[in-house]
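Next come two complexes, and both contain chain A; in the first it sits with chain B, in the second with chain C.
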Partner chain A sequence: MTSDDVGDQDESRTQTREHEASQVATDGGTSATLPLETDAGARPRWQVDLGYIVLTTVAIYALITVLGLLTGLGVGGIFRQLQTVTFLAAAYALVVLALNLHWGYTGLFNIGVAGFMAVGAYGMAVLTAPPEGTTTPGLGLPLWIGIPFGVLLAGLVGLIVVLPALRIRADYFAIVTLAFAEVIRLTINSGALADFELLGRELGTGGGRGINFPLLESAIPRWVLYQGGDPAQGANVVGLQILTVTNQLGIERTVVESAVYTSILVVLVVIVFALLVRTANSPFGRLLKGIREDELATKSLGKNTDLVKIKVFVLGCAIMGLAGIFWQGRNGYVDPDAFLPIITFYIFIALIIGGSGSNTGSVVGALVFAGVLFEGPPYVQRIVTQQVDLPRPATVYDGVVALGAFDPLPLLGYFVGQLANVRFILFGVILILLMIYRPDGLLGHRSEPASPLHLSAEQSPADSRSAKRGGDDDGGDSSGGSDSDSDSDSDSAGVDTSTDNGDDDPLDSNPDDSTPDRGEPDE
Partner chain B sequence: MGDTTEFTWEQWFGVLLLAGVGVLILDVLRRLVVGDLGVSTFSTFLWRGLVDGLIIGLAAVGLSMTYSILRFANFSHGDLVTTGAFTGWTAAWLIGGAGVTGLGSRLLLNADGSTSARELNLHVYAEPVAIVAGLVIAAAATVLVALAIDKLVYKRMRDAGGIPLLIASVGVALALRYVIVFFYGERTRGIVRSSPSIDHSLLFWTDSLVVHELVMVVSAVSLMLGLHGLLQYTKLGTAMRAMADNKDLALITGIPTERVILATWVIGAGLTGVAGYLIVLEQETLNFNTGWFLLLLIFAAVILGGIGSIYGAIAGGLIIGLADNMMLVWISGDLTRVAAFLLMILIFIFRPQGLFGGVETA
Partner chain C sequence: MSDIELPESDATVSTETADGDDRPLRVESLTKTFGGILAVDSATFAVERGSITGLIGPNGAGKSTTFNLITGVHEPDSGRIYFDGEDITGLQPHRVAERGLVRTFQITRELGEMTVLENMLLAFQNQRGEALWRAVLPGVRGSVVDQERELLERAWETLELFEIDHLAHEEAGTLSGGQRKLLELSRALLTDPELLLLDEPMAGVNPTLEGKLLERIHDLTDRGYTFLIVEHDMDVIMENCERVIVMHQGSVLADGPPAAIQADERVIEAYLGGEV
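The block that comes next holds the complex of A and B.
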């Protein structure tokens, strides 16, 4: 806990400033000599946020590169690993951002993420799969029809799911969405929709066989690089620039194409990120946070919360569909096993690590999850098996028997061989530890200004103290709000927010600051 | 709460649901009369639905109890089923397989692939002691695991809301499942020999009765009856009902809430472990995902019966088991789960208090 606090002060000047402000208030002005920064001197929030993301990216890249170099993996291997991690992180970031919109901002506890990704990917795949020559025929339509169709279909299915589920409790909502995701996956998997005829055209989901569709990883970059998307017609203006450089460097075309694909995904993440940040800071975003904190109160203020929840859910599902399309587009093949419920929980772990309720946290969480937790253990395993010749016993029993004879190597070898499974234990333990000690994740506890203008910005340092106090209290959904979002989502049991995260947030040391914001919903 | 529009919605839904069930029953009768559906097929579906339903019901009791007393949806419940299956059958293999195969192979349920269920020849007639011992160990080990998890995780967040606890339980589920994988491996293994059967002419459905299924039914029913007695005629049952109703009130009335929670875990996890053990007796194979894949069906049973109601959970389990098997009359086998889940979603939306109307624990 103390290390967390230290981390906060190191990383964020905003945080430090708030800390100081609350200290001043707590001490009743005795420490007023502390230099209170005004906002004019501070960096804008988006720069701080960008700093976090860049810092995480650089740290993960450096870690992978250093590990690779130390163990002589070679430039090619390191590059491949970096690209995989970048791609995965971007794909995760897209879904995590959508989930953050659902859960982090609006409090809609959606654990059917995998189902909506499946709808998007399958919607696209069924439309674009070639009509002949594969086991599962499709309609053979171009991608520019297929991709928007998949996205819209995911949004539409989201609408169908959310309409009946609007009134039910958060934990019920969770089970309903999970059940819907399983219904979607099992239906796709069943023989019923595997092949059917529609208007004389044969199409279907292919059931357990899956479905092949044009490889997005080469098709989309080719539009960017070549005239008419066809390599035979030569490069276009953009492609000429890129290909000349890469030709000089001697990089293969397929590598260039997948790099372009990853870049397009990153651009998509940036667009969605900007969209969501804008949404969160708009009056609409404040409405979302209001619903998260206390839906009844928001309703009482005359807001149509049902309509807002529908809009947000559909938008988030559409983004999830888009993410599903790009994720599977890398393989040019989908089958129902790609959308097991466990995928949803990966997304949740990423969001909780980053901190729900923070878009920056979502991206950081996706980077940490994909780069370190998910890809890390197999990477370490690959390096270790390349470098060290460990015995590989078939079972843990053999390892323990050898340990009994004072030979720890077989057990170690078994452990390394199991690293891909051990990481799931790690996921579970991290999730538990986060929920016990830091339910707000890395960045989730940060307050978001309720107003686009910082209320104390124009004040002189002398009276900024009182103004800041007022500003913090008025922005009910900002300071206290994001502190407690993870537990105040539930309207069920008595929620005592001060017991579980009261001790790790400096803001909580100030009773005046915390009590009015923490409206206990059950009182 | 009692506003009129909601009431009519629920009534409408109830009427629709009953009408739907009625139509389906009439259709089954019509098919039986016309001869589309053989009597033996029908009775097989019915019997299998009953067997599946009892097991789901047994596992659902534990989930329903923790849901109402600790107030969260425990997503690690499915993996407690798996824990019961692995620990119980490890014990059964240790006892029943002695002298047949090596200790390593028995301890890890054939993780190295050096033996087979055929070689071990484990079934009720051949190794009754091993199978009964396994049943007891399954219950005991699952209780210990559940209590350890409660002490390590849930106890630290007693006052957190339902959602943080739910998320923590997802973490518990992942950790528990892959600890099992770490030791036992990912392979699906055969555990039990196929069951002997008794030829008879007593019962109408078939002329042979599978003994393992009979063992399951007898164990499940007697455990349920025992539970009924325990909760109906002891103070513990009253205390549980009080706590499910209002934890704070129970506390100030002098009910030792932590001890009630302990009892909840002991009873719930014990029954869950037994359910996991018995599932393997029926399906003869075991995989680390066995319980996780059952979790949604168990949830469906709990929700159908009304969260917190133990009889509801048993009834819900039976309905889900029967629906899962009887649906085969109309739809193909890979869609029966879809039907069961859709039924659960409908119940959740229109009658969140369950089919039997919010009867609290016992």
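The block that comes next holds the complex of A and C.
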């Protein structure tokens, strides 16, 4: 009993810390997604969606904490696990969001995700790796050049892939992307590009050796924490605040740095999420859905679907490149084996868990996949091996034989020892269960409006007319339609005008002339 | 239904072509082969402005292929297509639609997992928010929202006109066959077309709805819209079309007013499977 009590206390303490952590995430979310509220009127929708995400995060954190505390893993171990999970979930969320843009929204069946992540990571690594002193020399350029270069390169490679692939059907498109991803990986792996000279500088992909580049996990946080990004020059304004607190708590600097790195990644995810939600809730998002549902029908409505597909594919690939950079940036080292096709399928599993076609679902799927399915089994394994001294038979056969002697422990021990591999079975089981019980993903069938307006709340003018007639009979029929219309959206309309006055958009200078006439230049 | 204004067609103000010919769509010796099969064999015809023209023929006569050639889904092997005096042969489908030549499909192509309202809103041309940067950037997005509100109003009007406004929030995939036909036609109207190519618009539509649909089509022709309709229901064609084009084995067999077509020996033979 007493130990339980202590556990509970500990638990509540860690819970508070988690709350703070999730609070930070929520705050970040609020500030970044705030524009949604102002332009689309009262939209509790995004708050509900954010609620799902926060709820999932808290649930996973709680699960990890409770498991850790019950088995006495200690605060340090739990914290490390939480950090790993947060980082991995954020990295996954970024790339799952990009895949959702491709597959969930536009129906572009891209199964070469790992390849585009590799392009981003390698683009950055080749540029930023130190020119001397490592096995694979690079150009030694600063990160602020290297990271954008990696992102742009991933986008550019996306363009190269999508241009010839535009004319082919969805299933062939999938094969093209898969093949391209493998071509990228094998090219990087080959000796041909491992070392070469360009304009007198020696550089290369390093082949199977990989590339060492500045550890992003410490380099980026240092820019946040220290003056000039150099610890020797002392902390800057932000760093002083953070480091004072962490010093008092006795947390090591490397731990702080890696927490800052994860936080930056989380902020990136929030920004990308907000932008993609905006993209989805717009006429552009409508085009994407149209292409997914029936490209010929969309074309026949006068839409240049090829151009839209190019834009979306390049954008998604760039985000994948960014995710690749941050993912590998935690190691400061990248090699071709990090980008095996299995990575692509992990990302697909995460997207399917959350529900494709939904940005919220993408993030939830990434959280569940990274936090529970991927990191869960090794975590359990770690706890079990730390707590109990199980026999470790070399083969499953030994375990079964022991079972014959009514000793289940060897088999259990074997199972626990193999938990890291058992999770692959888990993925399969989860996918099958999802297909049967939640074919539309954890969040179920979602209808996110492909419009900046909250479409499902829009009432037919006829309905509102009749409602108005029922209400007061002297309301003129001729003006009934527009009156009732403005009634139903009065609050949002008010917000709109205020935003319009606030910005100096040239298009708003003549708000009366907004009929969708043909002559208007648009693109 | 009657108190709702019909959308005006651009066609009412559009000018006649240079040579004084008021036939917006002209097809000249159009030919298309698929492998060894001659699907369309030097078909030549024209459609008069503000009319309803019927395109009939037995199965496999090349009607749908002709539609596909006109709307840019397939590229013809030879022959030319002129729309409003301009050569549109081989243009991409979206370019053809942009010019005001819009089609519906024999098997409806509703966008299943989008609501009826989203289907409708997609149809409008030159939407500001179709440019990604306008859809995303704060500030500029205000103008997108404003336009959306206007588009929504027009979408509602058209939905009411076709009496499917009660389905606005349903996913298009859940609609019945007849409702899908209505959705497709009303969606096509929102693209501001000049000429509508309807591929079997009455197939699977009940007689009451068929009557209403024909009434709409007549109203729209009065407003300056032009229709070219593929239809298998002879009564519909003969009673509603000003001119009828008969295709048989890829080529145009006859072309004239319904009465003349009904009396044409060759047409009767083609339909009864006789030797031509």
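Everything that follows uses one rule, which is that the second predicted complex is superposed on the first by the 403 of 523 C-alpha atoms of A that agree within 3 Å, B and C clash if a C-alpha of one lies under 4 Å from a C-alpha of the other, contacts with A are read in each partner's own complex, and residues count from 1 in each chain.
Please note the rule applied: a residue touches a chain if its C-beta (ideal position, glycine included) is under 8 Å from a C-beta of that chain, and two chains touch if they have at least 3 such contacts.
Keep in mind it's a predicted model, so treat the numbers as computed, not measured.
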Chain B versus chain C as contact partner of A:299, first or second or both or neither: second
First (chain B), second (chain C), both or neither touched by A:286: second
Touched partner set for A:411, first chain B, second chain C, both or neither: neither
Which of chain B and chain C A:425 touches, first, second, both or neither: first
Contacts of A:164 with chain B and chain C, given as first, second, both or neither: first
Touched partner set for A:190, first chain B, second chain C, both or neither: first
Contacts of A:97 with chain B and chain C, given as first, second, both or neither: neither
First (chain B), second (chain C), both or neither touched by A:176: first
Chain B and chain C footprints on chain A, overlapping residues: 489, 493, 496, 499-500
Touch list for chain B against partner chain A, complex: 71-73, 103-104, 107-108, 111-113, 153, 156-157, 159-168, 170-179, 181-183, 185-186, 247-248, 296, 299-300, 303, 331-332, 334-335, 337-338, 341-342, 344-345, 348-349, 352
Touch list for chain A against partner chain B, complex: 109, 164-165, 168-172, 174-176, 178-180, 182-183, 186-187, 189-192, 345, 348, 352, 394-398, 401, 418, 421-422, 424-425, 427-432, 435-436, 439, 486-490, 492-496, 499-500
Chain A to chain C touching residues, read off their complex: 35, 39-40, 275, 278-279, 282-287, 289-290, 292-294, 296-306, 311, 315, 357, 447, 449-453, 455-456, 458, 460-463, 477, 485, 489, 493, 496, 499-500, 502-505, 507-508, 511, 514-518, 520, 522-523
Contact footprint of chain A on chain C as seen in their complex: 3, 10, 71, 73, 92-94, 97-98, 102-103, 105, 109-115, 117-118, 121-132, 135-136, 138-153, 156-157, 159-160, 165-166, 168-169, 171, 187-188, 191-192
